[in-house]
Structures are given as C-alpha cells and as structure tokens.
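Below: a set of structures, written as structure tokens.
Each of the two complexes below includes subunit A, the first together with subunit B, the second together with subunit C.
So, the complex of A and B:
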C-alpha cells in the first residue's frame, strides 16, 4: 500500500511587507503526530492559513492527503479539520446548535463518539457558548473537529487555557487517532514538554524557515550543549550545525547538531576542554530560535 | 493480544523518572519479562496500542521495541506482532547484571578519584547494600 503523506509542503513561499514565509519544504507522514514549534511570529499560523486556502501562496505547492490544496479545495476540506484560537461559535447560542450545524455537513459525524467526548471533556449540550471560558471554547472546537473522524487534524495551539485533566483527555484522543495509521495530527504549540512526549516528529520554524526537523527523540539527542575553551575567536563563526550562545574571553558555549557538526570538528578548530551535556526540547528550541 | 491489562503490567512513564521516555519503556518491558509477568512466546501490545496506554508517541514505543529486539529480548513476526523471545527473561537479567557491573566500575573510579582506598570502597559498598530496602 502506498499512502501519500498527510501533508506535503514543497518550496512554499508567501511574502508580506514585513514577513516572509519560506521557501519551506515539509513532509508529514501519514499515521503520525507532527509538532510544529516556533516563537511568536515565526510563521506557524501563516503556514496553517495557507494549508486551508486563506490566501494563495506566492510560490510552491501544498498537498493534503495527496490532493492539491487549491485545485482540490473541497476534497481537502472534507478530509482535513482545523482547530484554532480564532474560531468562534457564539452565533449558535447553545452547544447543541453548533453540534447540529456541524453534523449537518459532515457525513462521517459519529454521535456516539461525540457523546463520549462531551463526557471526557466535561461539556454539556445545553451550555450557552457565550458563557464558556476560553478553555471551554477550545474544548468545543476540538469536539467539533474530532467527532467526524477527519483524516488530517490540524491544531493551532489546542491546549492553551485548558486544565491538566482535559489536556490529558485531548492527548489520549490524539494518540487514539493515530492508532489508525491512515490518520494524522499536525499540531502547532508552545507546550514543548507535551510535544516532547506525544509528537512523533517536530519541526522548528524560525523567521519563516524550518531550522530543524526530525523524529522528536532523535532530534533532541543528536544535539548537545557544549562548552569549550579556545583562543582563535574567528574559528567558530558560521560553522554549519553550530549555534553559538555565549562567548567571553577564551570561554565558549554553544549547541551542536552532531549530525552536521561532530565534536571532532570543534576540536579541529582548536577547541580544548570540550564538555557536553544533553538538552531538553525546550532548551534546544531556545538555542535555535534566539 | 495479551489478555491482561497493559496499564498495570509496565510502570508509568514519567519525565520525573530516570532515563529518557524510550529508555523507561525498555526497562519497564525488561522488568515485566525478568519478573516473569510476561512469558516467552507471549504477545506484546502493538506500538500504537502501547503508545495510547502509556501516553507517549508511537515513535517512542517503536524505538524501545527496536532496542529490545536488537538485544534479543523480543522478536517480531511480520503481520503477527511482537513476542517475548525464548530465554528473553535470562537475557534481560544478563543485561541488567552487565549494566550493574558498568555502574560499579564507574563508582569504583569515582571513589578512587576521591582518594578512597579499596578497603574504604568495600565498606562504602556494603553500607550502600545495607541501606537498600
């Protein structure tokens, strides 16, 4: 069986007066949870907007489940769901109305699953949407997206403002989704410790470009925090795979991607007393997006 | 599929516990096999099933299974699943002894660096043993 990637972004570019996204290449394999991380303003939401056809790209293509996001827009929207902070359902009044409306145009809507999610997320059909907290509205958006079993679920900051119990319930659902190898979750979040645990792959977006990407555990482990001493200051500027953090006199600190910049290459450049230690995803993120 | 609950078969995975998430799965499975909670030939849960139970990514479980397979503790049958290897329990115990030996070597080196003589190290080790619950 030859399943196309759930999401395939090729040479994507989108230019604004003060910001440029790309050129960006990104592949999200089907059956995985992919975490997109990046500082505020890195282009995460711009990328997600592009996927869902909000504005045309200036260059490049986006394919969702093998379908072109512009040419096959309707097909894309019937296999991919979006949950983001800007969704508003207030106009529907009660939760039950929002559910009835969404259910009406999603042929795969699953009533039993919807009922279970309402229990697990602690929301009731008769609540008024206008009185929900921010977290409550996020839970409703997740419910409306999960309950029709989309093939691709795109989540923009889905766990902001929800409590630890609901967050756990959300991740249980997400892991349940990818149990079916044909379904995929693409999630943009600032909750790095959650992604470190739940995401199969992570991509780090910084100033519109993907600066690091890989299987979560491997990406974290192949990077090392290094400290060393050296006199020759020029030797460490612009070394591929080396991100310098601090430098004072002969003492240096930086993060190495040992795949492109092995320890020996530091020593070859005159580094002495090299000491290394492991990083968490959060520390790696801070180093790469400074 | 194993009939017993997976939840209580392996210890929970926590960032607060020792080792990375996948190492915790490796040692959890080894412990279950070493303790005889899982017998040779018995099926392990699928990656996706275990990921869902342990609340970790699928790739983390896959990596743990890869390592356990390399060490000869479990084996995979295409299309059938993953099973505890014959002698997996012994193999698991051997690896633990090997690991303990490495740790003791490190301890001996650290003690020597601190200026302790062999009799002091021996006394320290016996003290540590007696402290074990």
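So, the complex of A and C:
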C-alpha cells in the first residue's frame, strides 16, 4: 500500500490586499525533513497558518497524511504538531500547567521523553513562562510539540532566538525522529546552513510562489552560477531556468537551472566564453530571491 | 521633549478628541464631566507596546523623556479641556438665561422609590436572600427606581472642580503606574505587590466614572471628603512628577529569567492532576469567576457606602449599581479570553466549533457571577418573576452579549478593540437595569447577540488573521512589552 505524502498542497491560493500566496503546489514526502526557505514576507507563515486552519485558503486544497485539512481538521491536528514564533503559553503561568494542559489532548504523550527534553533544553517545570526569554519560550513550544511523537512536525522558524547548543539539540532531535521513527518534519527557517546540512528537500518561496524545489543536494547541484559574454541583449530575457543577475556591456551573469536551461542553450543564444561555478544553498537562495 | 509630546498627541488624537468632546458636551448640558484617565490609558498602551524602550535611543535626555511622559499623562488633558469647559459653561449660561436649554432635562422628577410587591418579598424572605431594600417607612418597604440627574447651579465652580480633580486623578494614576508589572510574579511578595497594583488599577480606571459625576456641582454641596480630595491633588501631581524618571526606568528595561537553575522536575510531577479541558476551565474560568465576583462585591460595598449618605449625593440606585456591574463583568471576561494564546489553542485537535465553545467559556465565566450578584444579591429584574427566573434570564442575556463582545474584539488586532468592547459592554450595562420592565426583550436580545457572537467567533477562527496576532491584553497584562519579544 502506498503511504500518502505527509503534506500535499495543491493549487493553494490566499489573497490579502497587499500580498498573494500561490497558486502553490507542494509535496512533502513522508519520512523526510523538508525545509521551506524564503525572504521575509514570502508567504511561509501564511502557508503554515493555512495548514492549521488559521485562516482559510481562497482556493486549493491541503492534505496532511492524506487527510483534508478542513474536513478532517481534528484528525489533521491529531497527527501534526505546530511550533511558531507567535505561539504563546504565557496565560498558563508555569511550564507545568502548559504541559498538563497539552497532555490532556495528546493520548500519545510520553512523560519520559518530555522529562528528557526538559533536561536537554535546560527548562524546568517550575519556571514561569512569562519570565522565560524568547528562546526559552521557543524551547517550550518545541517540547510541547515533540513530546507526543506527532507524525508530522510543522515548525515555523523554530530556531529563532535560541543558542547554538540548543539549536544543535533541536536538529539532533529532528533527525532522530525522522530516522528512527519515520516521521516528517516541515520546517520554515532562515538558517540556510543548517537546512543545507539537515533537510532532505528544500523549497524556495518568493513573493508567494515556489520558485525552486527538490532534494537538497540535487537542487544545489543542478543550479550553476554562469558568467558569459554576448552582444545580443534580447536573447537572454525570459529564458526558462535562467535567472539574470547582472549585465554590464557585453558581460552577463546569472544562475542556470541546468535541468531546464542547459549550458548548450546559452551557447545557442550566442553566449561566448561561458564560465560556471557551483553554488551553496545560501548563494542559490540569494540569486533566486533577489 | 516637544517632539515626544507632539508624537503622543498625534497618535492618540482620537482619544483626546473623545475626552474633550465629552467635557464640552457635558459642560453645555450643565453637568461638567472630565474623562480624567483617558491620557493615562494611552500612556499605558504605549508602555506595553514598548514605546518607552523604542525612544530610549533617541537623542533626548532621559529626564526630558520622563518629563514628556508626565506632561502628556497628567496635566495635558485638564489643560486642553479648560477652554472647552469654559465655552461649554458660557453656552450653558447663555441658553439658560434665555430659558431655552440646549438639551432636555435628562430625568424628569420622579418618585425616588417604589414599593416591593408583597409576594416577591415573601419569596425572598423564604429563600433567605440578602435584603435589597434601601428604605423602609411605616412598615412599607421600598426599592430605589430613579436616579435624578440635575443641572448645576454653579457651572464655573463645577467645571473648575472637574479640571482640578482630573489633574490629581491623572497624577494618582501616573504615580501608580510605576508599579505596573513588566513580567509575571515569581514569588509570593511579587504576587502580593502585583495583586495590590491590579486591585488599585482595576478600581482607579472605572472609578473615574463613579467619582467624577458625584463631585460637588455647587459650593454648598462640598462635603469634608471633597476637601480631602481637593487637598490631595497637589500631592499626587508632585508625586507623579518626581516618580516619572523611576516609571520610565522600570518600563524601559525588562528583566527576563536566566536559564533555569532548578533541576529538571521529574516527569511524575507534571503527570498528575487535571489536564486538558478540565484544567482550562478551572485555570481560567474559575479565576475569572472569582475575580469578577470580588469586583462586583467591591462595587456593592462602595455603593452601600454612598447610599449611607457619605458621598452627599442622591441615591445612586439599583440601575447604576447593576449597570456598572454588568459592564465590568462583561469586559473582564471578554478581555481575559483574548489573552489566551490563540495559536496554541488552534493547533490542538479540536474542531472549530468546539474551540469556539471552549473560548466562550471565559466570557461566560465573567457574565454568570455578574448575573448572580445582580439578580440574587441586588434583587434586580422583574419583581413579578422568581429570583431564579431573573437569574436565568440575566445569565442568558449577559453570556450572549459577552460572547458578542469577545468575538468582535478578536476581529480587531489594534487598540481600538478596547472601545469596541466598551461599546458592546455598555449595551447590557444599560439594559440590565431595564430587565425589570423588559425581561423578555433583554433576554431575547442577549440570545440573538450570543448566537451572532458565536457565529462570528467560528467565522473568525476559520478566516480572520487578526485572531492569531499577538495581543497585549489591552496593555494591562504582566509580561514583556511586545517590542522586546
């Protein structure tokens, strides 16, 4: 029997007066870490909000573990956990209250695992949530999301404000649950170097559209930075798979998606003296979202 | 310093405009009234939103920053209102002299009290309820029905009294504000300190609505406690001025806890006791119900003191008592509900309708004790119905309006939601005293409001992005200013 994708977004659209998300199609394979990257205001949080019903899409569907996010909203939230920067548990007073409250909704809650996470993250059940730093609150949100072994973890910038040690601990946990328990992590983050190391798949969101997507290594490998000389200025405009970066006289610079725009196609358009260079994920991100 | 003052005025111009229009209108009507804590409210919002922290890097000496905040919080509104009060008084005198008042008499003279029906009294005696009777004469028992509001005979005196006391009142609130918590209490003494601040602050804001209308409107009405207030004004103004720097210091720097020094608590300690929805109900519903009950009891005691003749004013009457109680209970419940992290709740495995129901429990926890105090203790409602019927009717109505108030404010992420909340809160506040005559209308309107509010809540949970924005609990929650999040 085929396992449905952990997350399947089809033709999703959400319109605001000054911003539009989509149409967006995205598939997160089960048992993987999927990193969603994009500049501020690209629509990452909007997309994640739609998954959990914080706003409803204007068009399109979202399926989590094969379940429709609107018709099966309770089932979706029973298998998916959410961590976001605006998640606040301050009203619960102490950490112990927030844990007890969440436990009541999660039959698979693992007390031993929770205690271990508290130790690893350096937080105590007696701490007052309001007195925690921003990083401390993020750790609590992560703990509440991890301790019941969700099938899908949706993390919206989970490493913002936390120190390098905790960040490492978080990624170790995420890798552990993906490898050992075949669960899925969908993570939106600005920490590109971390994602390049840990994420199996990456999607680049820009101005509400997915501009590049694929297995991390493959995505980075298939994109090349190219420099060439050419006289025909009109030949390189609107070429699929070519993102132009600079143009000064006859000298051109751009990023090639070699899958849709092989080097030969540049040469066919009159490019001379073509030089290429491999990119890191960060360089690719900067080039695609300029 | 001047740019800070002008900036504050620019951002809160609408608040100042409302307060000044009220002073002008009431002065024209011959009943001068100043909304004294308006500027303080703006200042409190600014403090909570991190404005004090944001301006600390500006090239303005800290003492000048403190003076600027003091100026906008304390003397600015009374100063601005002086010319308007004067214009209002002149207009009032002009129209009065021509025998053509610009506004009709608000309350025609009417009997101050009405006898309580014998069968209702008998039922109350049987049930052992507290006696709502305020007067007894020749064996006949009376409840107060009408509170006459009269125009002043000394408008200049009344206007000056309002402006003078407003100055002192703002000074008192400003002085008090330095103890506003910047983070939740960590130990018993901090809890006590925050509790005392919360109680004083909770009394001081709505207290203005009670105090200013009962200030003397003619020299002959001045009582000893009025003299005490008049003399306290310069003291509070001075205290507020000299505490401005300390207030600024406390609001500028927010202390957060270091990494926990406690050893990790064993899992067993968090795996006992209430969890999930029952914990939510006890934790939030119980606390709000208790808090509202305490506030209602305090209000009753204050009014009882006033009814003894201490305030030297006409009997405030049942209408004012239950009206204010309704407004407070509804506002507290609805305002608290929105402080509960909406994103955390939305990610739980609950359907939208169940989540809306869970959220509604908090405003209801504020509304039901209010109805208990109003119907059972104060005996408001239709005298021909039993106490329990009145209680049920008022509970339904208040819960309905509370749901609507909560749902409406959740759709607005900005500070204006406080005024939407007050506006909706005033409807049952005004309506509750009329429940005696129009019980069915009052209950039906509350039911419709409740159904509409619930539908609005469900819609908002599904569609409104404002629902999921971080909120500062109207600027009065303990915690970090949002600017340092």
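By definition in this document, the second predicted complex is superposed on the first by the 286 of 290 C-alpha atoms of A that agree within 3 Å, B and C clash if a C-alpha of one lies under 4 Å from a C-alpha of the other, contacts with A are read in each partner's own complex, and residues count from 1 in each chain.
The rule is simple: a contact is a pair of C-beta atoms (placed from the backbone, for glycine too) under 8 Å apart; a residue touches a chain by one contact, two chains touch by 3 or more.
If you're wondering where the values come from, they're calculated on a predicted model, not measured in any experiment.
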Inquiry  = Quick one: is A:33 in contact with subunit B, with subunit C, with both, or with neither? Answer first, second, both or neither.
reply    = first
Contacts of A:237 with subunit B and subunit C, given as first, second, both or neither = neither
Ask   = With both structures placed on chain A, which of the two partners, subunit B or subunit C, ends up touching more residues of subunit A?
value = C
Ask   = Just subunit B (first), just subunit C (second), both, or neither: which does A:126 touch?
value = second
Inquiry  = Just to be sure I read the superposition right, which of the two partners does A:179 touch: subunit B = first, subunit C = second, or both, or neither?
reply    = first
Task = Would you sort A:164 into first (subunit B), second (subunit C), both or neither based on which partner it touches?
result = neither
Request  = Within their complex, state which residues of subunit C touch subunit A.
outcome  = 183-186, 256-257, 259-260, 262-271, 273-280, 283-284, 339-341, 343-344, 346-352, 461-465, 467-470, 477-480, 485
Query = Hey, which residues of subunit A end up touching subunit C in the complex?
reply = 16, 49, 52-56, 73-75, 77-78, 81-82, 84, 86-93, 96-97, 99-106, 111-112, 114-115, 118-119, 122-134, 136
Query = Given the complex with subunit A, which residues does subunit B contribute to the contact?
reply = 15, 20-22, 48-49, 51-52, 55-60, 63
Subunit B-touching residues of subunit A, taken from the complex the two chains share = 31-33, 168, 171-172, 175-176, 178-179, 181, 193, 197-201, 215-217, 221
